[in-house]
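Could you have a look at this structure, given as structure tokens, before my questions?
By letter and in written order, the chains are A, B, C and D; residue numbering begins at 1 in each of them.
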Amino acid sequence: MNPILADIYSTVIPSAPYLIAAYALVWAALLVYVIIVVRGLKKTEAQMAVLEEAVRAKGGD
Amino acid sequence: MAKKTTRVPEAGGWPDAVAVPALIAGAVLTTVGFLMAFLWAAPVNGAALSAPELVGDVMVTHQQLISQKIFYFHMPVAIVSFVALAFGAYYGIRFLMTREQRFDTCSRVAMEIALLFVVLTMITGDLWTRFEWGVWWTWEPRLTTYLILMLIAIAYFVLRNAVDDPERRATYAGVVSVIALVDVPVCFMITRLIPSSIHPVVAREGGMSPDMAATVFVVLAGMMLVGYGLYRLRFREARLGERLQALKDMLE
Amino acid sequence: MNAVETLHLTKAFGTRRAVDDVTFSLPEGSFLSIFGPNGAGKTTLLRVLSTLARPTGGEARLCGVDLKENPDEARGLIGMISHQSMLYPDLTAEENLMLYAKLYGVANPAARVSELLDAVGLSHRRLDAVRTFSRGMTQRVSIARALVHDPRIVFLDEPYSGLDPHAVEIFDELIGAVRGDRTFVMVSHDLAKGFSMCTHALVLARGRIVTFAPKDEIAFGDFSELYRQTVGMGVA
Amino acid sequence: MPRVAPSTFSQYRTLLAKDLRQEFRTREMLTSMGIYALLVIIVYGAALALTAHGVDIVHMGGGLLWVLIVFTSLLGLARSFAREKEQGCMEGVLLVPLDRSVVFLAKATSNILFMLAVEVIAVPLFYFFFMTSEPAAPTLPFIVAPLLVGTVGMAGIGTMLSTITSNTRSADVMLAVLFIPLIYPLLYACVTATTAAIAGTEFWTDFFVMPLVLACGYDVVMLLVCWVLYDFVVSA
């Protein structure tokens, strides 16, 4: 790689990791948020089950 | 006195039906934008080369600043965070006007999306700074404004957890979201208009060439859709929790 | 002319209804006692009627003045005595009363304040900071504060809490003295005292009216039995 | 009992007089803020002692001064509203037929006066301890302008936030968490203007006049927002 080409890419190589990190983190953050929401849904479903039991028990006695 | 029935946003119905396709469309658009950023948009010229060099079929005369590519994500994400804050404040005002608890839920969810996208803005902005100026943080106007917006969003949620009475919590949250909506543009303006250091720095922001603008627009549209999709998803989840709580109350 | 009229008055947040569809009307000059288990919505009802809290539904009128239309006019008609004195501890008794007299725009504040201090028997302590007063004395200044603008309706939110028997006696005496044709609405846990002082009794449970009737229509025996059932029905 | 509806201004004056009299009686807020300011100066002393000549105090002075002012006023603001809540006095005032933003204005004015009183002591002390070693610019007296504009802005939004956080858990921390991000633009503008005044600069309009104008803009906008929203907050 002749010096001028090296000069052209002189900014590319060192910045590459930050660039990739940036995009990766963006997707990671969005993913984490979706996971939080889904976990919330699971928690609500579990409570729903408990509630259904309570209603059945109430209805039953 | 016929009570004007305020139309209260509810989970389900067409907004939710649209949510999933919006998420998919958002993902597609952002990836397209991602590719455009790298392959199609012309890189920004860095320092001049000692001599022009033939690369492929193009005569290259400057260093190509690749790090600038983050910009195509940084700006749209920042805009979406501000739009989300605006929605948060809008629903906050609607709550203050009608005292309808549903608007408080919408405001809370919108502020969550705003916080999420501000965090994204901080990530992209900070890494760009790391390469651009070689330092992890500078008190440069753009970055400080988003730091402030993030702190306000965090303070908003800290306040919500510190108040127990639901009506008081919703009122305070609504008021803070409105103050935040007013505070952020003022912060934008002040940090930009006052030169950041004693010796004024000449702003380097060049205009955007059409192809760059197109890329930003694509990513922006994509991010807006992703934001909308997440908002509806979170709103649906929050509503489910509330409806469950209502059932529990009725059972006692 | 009814002193207090409510029509389907509701105070709810989300699904929790603290006051649920309360409708009653109270003639002028009467003394209403409100009873109910903890969390039945007694204090919330009082706060809504005294404009300290906004109702979410229904209507309420004090001496014909609608609370939602013009709350300020309604505020001019009411006084509130609660277990909190609403007096500034660092200011003297006279300064506290002068403050409220000026805020209410009483015509001749100085005369009115000294008249009230005489009525509650605290003229000799008017230059002392309220912080130095006993619980009983503070409550008496609080009565003076509530009456400074000669309100038509006086709300009492558990005024006896923290008072020793002697102070309670003086308190009742004062209430009797200042009664005139004013209307009183009292929230209290003390069944016997509340029932003895009232002309109308109202029992709330989970925000709903269980019973509302003039005192002479119910004997105390049936009333306390009914109350025990209500409390037995469980806390809100 | 003839009752003339008092003018808003007289209610404002009464409430302000109450705040000032209460503070004059106990001097609790002023002494605690004054001592706190002195302690911060002592901490600065320790921090800057080793770098006596290394640090360009003329350029750092403005910033350090504003750190002192922000944290001292935070202490004062937190106390200012706690006192209203002690005996339910705020509810006593809310029962009076008055425009709720008068309460905000009176409280903000008293906070401004208290903060200015502390600044009148703290700023000269700060100058005495740190700024005498190097000659400040002739424009030094101009720092009064940003100090004034900054104090008005901080007291305004501080009053609103102290009302919000007064009945939350860990009120003091809550107040700081909300206060500092929200006043950042004002702080930024005032620090720039103060530093420009102390250090002197050839871009006078850029570094003094422009920030000052923006700070005034911030004050106007924020006080207006607080004025409008205060009714929701105080009656919540």
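Criterion: contacts are C-beta pairs under 8 Å (C-beta built on N, C-alpha and C of every residue); 3 or more make two chains touch, one makes a residue touch a chain.
Note that the structure is a prediction, hence the values are computed from the model and not measured.
*Asks:* Would you identify the chain whose C-alpha centroid lies closest to the centroid of all protein C-alpha atoms displayed?
*Replies:* Of all chains shown, the one whose C-alpha centroid lies nearest the global centroid is D.
*Asks:* Would you say B-C or A-B is joined by more C-beta pairs in contact?
*Replies:* So, comparing the two chain pairs, more contacts are at A-B.
*Asks:* Starting from the mean Cα coordinates of chain A and chain B, work out the distance between those two points in Å.
*Replies:* That pair's centroid distance is 16 Å.
*Asks:* Where the centres are mean C-alpha positions, what is the separation of chain A from chain D, in Å?
*Replies:* Here the centre of chain D sits 42 Å away from the centre of chain A.
*Asks:* Could you state the distance in Å from the CA-based centre of chain A to that of chain C?
*Replies:* Centres of chain A and chain C (C-alpha means) sit 55 Å apart.
*Asks:* Quick check: how many Å separate the C-alpha centres of chain B and chain C?
*Replies:* 50
*Asks:* Which chain D residues reach two or more other chains?
*Replies:* Residues of chain D never touch two or more of the other chains.
*Asks:* Give me the residue numbers in chain B that touch at least two other chains, ranges are fine.
*Replies:* Within chain B, the residues that touch at least two other chains are 167.
*Asks:* Dump the list of chain pairs that touch, please.
*Replies:* Touching chain pairs, listed by label, come out as A-B, B-C, B-D, C-D.
*Asks:* If you look only at chain D, which of its residues touch chain B in the complex?
*Replies:* Touching chain B from chain D are residues 59, 157, 160, 164-165, 167-170, 174, 177-178, 180-182, 184-186, 188-189, 192, 195, 199, 201, 203, 206-207, 210-211, 214, 217-218, 221-222, 225-226, 229, 232-233, 236.
*Asks:* Per the contact definition, I'd like the list of chain C residues that touch chain B in the complex.
*Replies:* So the residues of chain C in touch with chain B come to 13-16, 54, 56-57, 59.
*Asks:* Going by the contact rule set out above, which residues of chain D touch chain C in the complex?
*Replies:* For chain D paired with chain C, touching residues are 1-6, 10-11, 14-15, 18, 21-22, 25-26, 83, 86-89, 91-98, 235.
*Asks:* Within their complex, state which residues of chain A touch chain B.
*Replies:* 2-5, 7-12, 14-16, 18-19, 21-23, 25-26, 29-30, 33-34, 37, 40-41, 44, 47-48, 51, 54-55, 58
*Asks:* Which bits of chain B are touching chain A when the two form their complex?
*Replies:* Against chain A, the touching part of chain B is residues 34, 46, 49-51, 53, 55, 60, 63-67, 69-70, 73, 77, 116, 119-120, 123-124, 127-128, 130-131, 226, 230, 233-234, 237, 240-241, 244, 247-248, 251.
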